[in-house]
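Labels for the chains are A, B and C, by order of writing; each one numbers its residues from 1.
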Amino acid sequence: MNTTAAARLDRATCAALVAAVLMPVALGLIFFYVPNDADQGFSQRIFYFHVPIAMTTYALFAWGALNAARYLWTGDVTLDLRSYVPMHLGVIFGTLTLVTGSFWAKVSWGTWWYWGSTELNTFLIIFLFYCAYFMLRFSVDPGEKRARYSAVYALLGVGLIPISVLAVHLGQDVIHPITFTDHGANMDGSMLFTFLMALAAMLSLAVAMYLVELRGKRLDEQVTRLRRLAEGTR
Amino acid sequence: MNRRAFVALVRKDLVLELRGSEVVLAMVTFVVASFVLFRFGLGGGRTAGGTRAATGLLWVAIVFTAMLALARTFAREREHAIWDGLLAAPVDRALIWLARSCSTFVFLVAVQVVALPAFWLFFLQDGPAPDYGVLIAAALLADIGIAALGSLVAGLASAGRAREVLLPVLFLPFAIPLVLGAVSATTGTISPQTSGLHTLERLGYLALYDTVFVLFGWGLFEFVVED
Amino acid sequence: MPSPETAVLCDGLVRRFGERAALTGVDLHVAEGEFVLVTGPNGAGKTTLLRVLATVLRPSEGAVSVRGHELPRAAARARPGIGYVAHGPLTYPGLTARENLELYAALYGVSADQIGPALDRVGLDDRGRDPVSEFSRGMSQRLALARACLHGPSLLLLDEPTAGLDADGRELLREVLAEPGRTVIVSTHEPAWFEGLATSEMPIRAGRVAA
């Protein structure tokens, strides 16, 4: 037990260090290295924040959903936290996605939200789903039932993503009749490099936050368990 | 599949509803009142009828009305503590879900038999005649999705506190793509400039939606129903 | 490893609801044909234990096997042979007595012509077409008994079956319980009433079997 706890400590700290290195590097690249965009100029750089954050959100969600499925399959209760924490972080990153997305809309299309963007609209639906996940989580008392219900809903979200993408795509004529082609399909070498570094930085940040939060919540659970034992049979 | 058990469960829901209508009458009243509300809200002018706004409102009204049905799903079993009887029986949990989805589907269709003509009366009389075939097909497909997913989500919502509030919150993110698909399919019907392929694509989308969530409902309900 | 003659076997059964453990480690062995009384104060865990054995609740921890089938893995196989009489009647008030039994007959795969005799057995043959909402507590209990025995279970689980029964009802209950060829587990506050039927008593306190 002691060795694995120590190993976990190391992993969280390692991840935090990696993030601490990658983030400033990525920031430096975004602000100083990559050239200005031909069409939109300096403010286009929000793209290097928005898209990596969005992709990280999806990655977190995928990880949370995967662990949800594993929980339902095996009943291993440690998987409940490993499903919940990524979803929780997903809400944080999701909020950032929406905020940076709003800035991106302003930069690209001149309005604070752009209804013609498939990506933004799909994300909005997913974000609402995340919030609903939390409502569910907080309405059930802690225990096996909450873990089970959270896992079921997280898995439903897996169905929601492709369904939403398709719906928003098909519903373009309804949502916003005039569509612009999305920006950012072709990136030259330096732009691609910057983008990938930004993505790596965001992912490492997410991993670090995941490991740290997981550790914190596990300690919290252990304390609760010990307190219960100390109080006698309950 | 245990067909006899399935039929018995569906029949039980329908008989109970026929005898002491808890849901269908309330839904009919609600949906018609919503149309009146929308009509007045949009203003009495010609622009209100036959527009995209009207179609959107139809589907929004349908979704919110469906919430009424879903809120009462499993309410009887909960209030009279009958779940133990069903769970102790040698019946596949997924079958219980399937039976409930089917009876909910019947309720939704029953309400729409009134709602769609009322919609025509309030919004479509003024404008061009819609393609009723598409409208009805879209309604039926949407009903399947709402019933299937709704029965599962109703189970999730009934566990916790504030379940009347929780059900809409849990269900609505899933209603958004459904409404998008339905509106996209039926807008074409009301202002008929779009091609048959366009409509078919969207109806196909609704069918895909149904397939996905029927599979999820079938697979996941057993994790929801046990205490 | 349960032998064929073991009806129920529990080893360290724990059942939690959220943070609270209703059963804290029940060890139980009931052989075929035994008649066990489960006694104990309110909140001791009697109902929870019966619900786990009825396969309505899954064990949180510990090993449970009913009629040789391990729970929860093989719960579906155990169900056909279990009859469960709960606190509530487990019937739909909006349906008639007959309709309720028709539903359960369909769920248990029992032929519909067994319903008449079942109602007859519990003295409800003339009330079969009345809605259950009009039934008295005693009549509901009789219907519950009919429902639980409809499929000829080999294990009968009853949760405080004497509560609310009149003299005739009690006599009927005694007749049904005296029928041979079944294992019976009853939770009750009146162990003395079961004199002559019960083969053993198991007191439960705070979620486990009291010494």
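The working rule: a residue touches a chain if its C-beta (ideal position, glycine included) is under 8 Å from a C-beta of that chain, and two chains touch if they have at least 3 such contacts.
The model shown is predicted, which means the values in this text are computed figures rather than measured ones.
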Joint neighbours of subunit C and subunit B, given as chain labels: A
Most remote chain, CA-based centroid, reference being subunit B: C
Closest chain to global C-alpha mean, per-chain Cα centroids: B
Top chain pair, ranked by how many C-beta pairs fall in contact: A-B
Intercentroid distance (Cα basis), subunit C paired with subunit B, Å: 38
Chain centre separation in whole Å, for subunit B relative to subunit A (CA means): 31
Cα-centroid distance, subunit A relative to subunit C, in whole angstrom: 49
Junction residues of subunit A, two or more chains touched: 141, 145
Contacts with 2+ other chains: residues of subunit B: 227
List of subunit A residues in touch with subunit C within their complex: 141-146, 228, 233-234
Subunit C - residues contacting subunit A, complex: 16-21, 24, 60, 206-207
Contact footprint of subunit A on subunit B as seen in their complex: 52, 56, 149, 152-153, 156-157, 159-163, 166, 169-170, 172-174, 176-178, 180-181, 183-184, 187, 194, 201-202, 205, 208-209, 212-213, 216, 220, 223-224, 227
Contact set on subunit A toward subunit B in their complex: 72, 125-126, 128-129, 131-132, 135-136, 139-141, 145, 148-149, 151-153, 155-156, 159-160, 162-164, 166-168, 170-171, 173-175
Contact set on subunit C toward subunit B in their complex: 51, 54-58, 76, 79-80, 82, 84, 86-88, 90-95, 99, 102-104, 106-109, 147
